[in-house]
Amino acid sequence: MIKKEPTKKSYFEVLRQRINIIIHGVNTPAGKLFDLLLLGVILLSVLLVLLETVEHLDNKYHEFLVFAEWVITIFFTIEYVLRIISTRKPLKYIFSFYGIIDFISILPMYLSFFIPSTKILSVVRALRLLRLFRILNLGNFTGQASELKLAINASRTKITVFVYFIFIISILLGAVMYVVESKESGFTSIPTSIYWCIVTLTTVGYGDIAPVTSLGKAIASFIMILGYGIIAVPTGIVTAQIANSKSKRKVFAPNCPNCNSQPLADDAKFCSKCGTKLN
Amino acid sequence: MIKKEPTKKSYFEVLRQRINIIIHGVNTPAGKLFDLLLLGVILLSVLLVLLETVEHLDNKYHEFLVFAEWVITIFFTIEYVLRIISTRKPLKYIFSFYGIIDFISILPMYLSFFIPSTKILSVVRALRLLRLFRILNLGNFTGQASELKLAINASRTKITVFVYFIFIISILLGAVMYVVESKESGFTSIPTSIYWCIVTLTTVGYGDIAPVTSLGKAIASFIMILGYGIIAVPTGIVTAQIANSKSKRKVFAPNCPNCNSQPLADDAKFCSKCGTKLN
Amino acid sequence: MIKKEPTKKSYFEVLRQRINIIIHGVNTPAGKLFDLLLLGVILLSVLLVLLETVEHLDNKYHEFLVFAEWVITIFFTIEYVLRIISTRKPLKYIFSFYGIIDFISILPMYLSFFIPSTKILSVVRALRLLRLFRILNLGNFTGQASELKLAINASRTKITVFVYFIFIISILLGAVMYVVESKESGFTSIPTSIYWCIVTLTTVGYGDIAPVTSLGKAIASFIMILGYGIIAVPTGIVTAQIANSKSKRKVFAPNCPNCNSQPLADDAKFCSKCGTKLN
Amino acid sequence: MIKKEPTKKSYFEVLRQRINIIIHGVNTPAGKLFDLLLLGVILLSVLLVLLETVEHLDNKYHEFLVFAEWVITIFFTIEYVLRIISTRKPLKYIFSFYGIIDFISILPMYLSFFIPSTKILSVVRALRLLRLFRILNLGNFTGQASELKLAINASRTKITVFVYFIFIISILLGAVMYVVESKESGFTSIPTSIYWCIVTLTTVGYGDIAPVTSLGKAIASFIMILGYGIIAVPTGIVTAQIANSKSKRKVFAPNCPNCNSQPLADDAKFCSKCGTKLN
C-alpha cells in the first residue's frame, strides 16, 4: 500500500503534466490543436451572443441558441476546471486577470437557474472575447503589437496632456454654446453641450444636436476648424515616436566586444561607453 | 495544295501578330490608339451603367441606353474574341484574372435573352472598371503607385494588428452600449451597436443611431476621443514607412575610393571628406 | 504749341506714374495705404454679398445694401479704369487673370440695368475675394505659403494616384451597395450610392443616406475602416515631403567660394561639385 | 509703544508669510495640501455648474445646489481676500489674468442679490476651470505641455496660412453651393452655405444641411475629397516640427576636445571617432 500511494500521486502528476502540455503548450501539436479549437469556440460563442440579441433571429432559433450556449458553457467549465487542476498554484490562477475572465465567461448560464436572465448577464458573455488575447499573445502578432505598444507608451504622457486639453476646451466651449443656443435646438444642458462639443471637435458630427443661430454656427465653425487642426497633434506625436524608434534600431554594427553596449552609429570607431576600439 | 497550306497558316499567323500588336502593343501608334479607344469605351460604358440606374433618366432614354449598351457589348465581344485568337495560350488568358473580368463584362447583355434582366446583372457591368487597371498599369502612373504600394505593403502587418484591435474594441464597447442604451434610441441588437461603434470610432458619425442616456453619451464621448486619438497610429505607421523608404533611396552613388566615406548626394563630383574626384 | 505738347504728354506721364506708384507700389506709404483701403473695401464688399442673401436682413435693409453695393461698384470701376490707364500694356492687363476678375467684379451691377438681377449674377461678386490674393501675395505670408505650395506640388502625382484610387473604389463599392440596399433607404441609383460611398470613405457621414440591411451595414463598416486607414496615405506623403524639405534646408555652412554651390552638410570639408577646399 | 508697533507689523508680516507659504508654496506640505484642496473645490464647483443646468436634477435638488454654491463662493471669497492680503503688490495681482478670473469666479452669486440670476451669470462660473491651469502649471505636466506648445508655436504661421486658405475656399464654394442648391435643401443663404462647407471640409458632416441635386452632390463629393486630402497639411506641418525638435534636442553634450566631433549621445563617455575620454 505504501508503494501504491506514490504511484497514484505520480499518475495524477502525469495527468496534470499532460493536461498542462495541452492547455499551456504552444509548440506541441496537441497544444496547437487545443489553441485552435479554443479560438474557434470563443469566436463561435461571441457570435452566438451577438445573434441572440437580434430579435427576429432569437424568435426563430431561440431553442437552438440556448442549447448551443449550454454546450459552450459546459465546454468552458471543463476547461476552467482543467486549468485549475493543471496549475501548481490554483489560487494564483483563479485570482489572476484571465482566471477571473474565465470564471465570468461561464457564470451567466449557471446564474440563469436562480435569477431570471437579464440583458446584462447575457452580454457579460461577450467578455469571452478578452480570452482571445491569451491565445494570440502567444502567436506571431506579438512582435508587431509590442512595437506599436512601445510607441504608444512612449507618447502616453503627451497624449494625456492632449486629452486633458480637449476636455477643458469642451467644457468651456460647451458652456458658451449652452448660453448662445436655445433649448429647442438640443442644447438642453451644459453636459449635453459638452457632449455636442466633443462630437464636433472629434469631427464625428452625428447631427442629432446642431446649432441653429448665426452666432452658434460661427462658434461651431471655429470648433470644427480647431478640431480639424489639433488632430495633427496626436498624429504628430505618435508619428515622430514611431519614426524615432525606427531610426534608433537602424544601427546594424556589432556590439562592443568589451562592454557589449550597442554602438550609436554604424561608422563608430570607438565604443562610446568604454572607449574600446571597434573594428 | 501542299504549298497553299503554310501560306494560309502564315496568313493567319500574320493576322494574329498584327492583332497582337494592336491589342497588346503600347509603344506602337496603333497600340496606343487602341488603348485610348478602349479607355474611352470603358469609361463610357461605366457611365451608361450609372445613368441607367437613375430612374428619371432611364424612363426618358431607355431605348437609347439599351441600344448604346448593345453597341458596347458587341464591341467588347469582338475585342474578347480577338484577344483569344491573338494569344498563343488562349486557355491561360481565358482563366486569368483579366480574362474572367473581360468575360463577365459581356455576359449580362447576352444573359438578358434567356432570363429577365435583374439589378445585379446590370450592375455587374460596373466591373468593367477593373479593366482600366490593365490599360493604366502600362502607363506612367505605375512608378508612383508602386512606391505607395511598397509603403503600404511594408506596414501591412502593423495595420492588420490595428484593424484587429479596432474590431475587438468595437465588439466590447458595442456590447456595453447595447446594455446601457434602450432599443428606442436605435441600439436594437449587439451587431447594430457594433455598427454604431465603428461609425463613431472612425469619426464618420451618420447620426441614424445616437445615444440618448447620460451614461451612453459619456461612453460615446470616450469612444470618440479614443477614435480621434488612435487615428494617429496608422498615420504614424505609414508616414514613418514613407519617410524611411525616402531616406533609404537617397544615395545610390558608390563610396569614395580614397577615404571610403559615403557621398552625400548622387550627383556629387568630389568627396566631401577628402576632396578626391568621384567618377 | 510744339513745346506744349511734350508738356501735356509729360503731365499725363507724371500722372500715370503717380497712379502707378499708388496702385502697384508696395513700399511707398501711399501704396501701402491704398492696399489697406482696397483690402477693407473688398472684405466689406464680400460681406455685403453674404448678408444680402440672408432673407430677413435683405428685407429690412434692402435699400441700404443696394446703395452700398453701388458705392463699392463705382469705387471698383474707378480703380479698374485707373489700372488700365496706369499700365503701359493695357490689353495685357485686361486679359490677364486678375484683369478678368476685376472686370467680373464690377459687371453684375451694370448688367442689372438691362436684365433682371438673378441669384447667379449677385453671387458672382463673391469672386472679388480672389482679388485678395493679389494684395496678400505681396505681403509677408508668401514665404510660408510658398513652402506649403512646394511640399504639396512635390507630392501632387502621388496624391493624384490616391484620388484616382478613391474614385475607383467608390464606384465599385457604390455599385455593390446599390444592389445590396433597397431604394427605400436612400440608395436610389448608382450615382447616389457613389456619393454615399465618398461621404463614408472621407468620414464625413451626413447620415441623409444610411444602410439599413445587415449586409449593407457590414459593407459600410468595411468602407469606414478602409477610409479611416487610407487617410494615413496622403498624410504620410505630405508629412514625409515636408520633413524632407525641412532636413534639406538644414545646412547652414557658407556656399563654396569657387562654384557657389551649397555644401551638402555642415561638416563638409570639400565642395562636392568642384572639389575646392572649404574652410 | 514704540516697540509694540514693529511687533504688530511683524505679526502681520509673519501671518502674511504663513499665508503666502500655504497659498503659493508648492514644496511645503501645507502648500501641497492647499493646492489639492483647491483642485477638489474647483472641480466640484464646475461639476455643480454643469449639474445645475440639467433640468430634472435642478428641479429635485435646487435647494441643495444653491447652498453648495454659496459654500463654494464663500470659500473662494476668503481665498481671494487672502491672496490680496498675502501679496506684496495687491494691485498687480488684482489686475493680472488670474486675479480677474478669481474675481469673476465669485462675482455671480453676489450679483444675484441685486439682479435676477440669468443663464449667462451662472455659466460664467464655469470660467473657474481656468483656475486649474494655475495649479497644474506648477505640477509635473508642464514639461510635456511646453514641448507641445513649442511645436505648435513653431508651426503657427503655417497653420494660420492654412486656416486662411480654408476660409477662402469655404466662402467661394459656399457661394457656388448657394447658387446650385435650392433653399428647400437648407442652403438658405451664403453664410449658411459657408457653414455647411466648413462642416463638410472638416469631415464633421452633421447632415442637418445636405445637397439634394446631382450637381450639388458632385461638388460636395469634391469638397469632401479635398477636405480629406488637405487634412494632411496641418498634420504634416506639426509632425515634421515635432520630429525636428526631437532630433534637435538629442545631444547637448560638448564636442570631443580632441577631434571636435559631436558625441552621438548625451551619456557617451568616449568619443566615437577617436576614442578620447569625455568628461
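A, B, C and D are the chain letters, set down in written order, and residue numbers restart from 1 in every chain.
In this section, a contact is a pair of C-beta atoms (placed from the backbone, for glycine too) under 8 Å apart; a residue touches a chain by one contact, two chains touch by 3 or more.
None of the values given here were measured: they were computed from a predicted structure.
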item: Chain whose average C-alpha position is farthest from chain C's own; value: A
item: Proportion of interface numbers common to chain C and chain D (over half same, under half different); value: different
item: Separation of chain C from chain D, taking each centre as the mean of its C-alpha atoms, in whole Å; value: 32
item: Centre-to-centre distance between chain C and chain A (centres being mean Cα positions), rounded to whole Å; value: 45
item: Sequence positions of chain B contacting 2 or more other chains; value: 162, 191, 194, 203-207, 231, 235, 237, 239, 243
item: Chain C - residues contacting chain D, complex; value: 46, 49-51, 53-55, 119-120, 123, 126-127, 129-130, 132, 141, 144-145, 147-148, 151-152, 159, 162-163, 166, 191-192, 194-195, 198-199, 201-208, 231, 234-239, 241-243, 246-247
item: Chain B-touching residues of chain D, taken from the complex the two chains share; value: 203-207, 235, 239
item: Residues of chain B that touch chain A when the two form their complex; value: 157-158, 160-162, 164, 168, 171-172, 175-176, 178-179, 188-191, 194, 200, 203-207, 210, 214, 217-218, 220-221, 224-225, 227-229, 231-233, 235-237, 239-240, 243-244
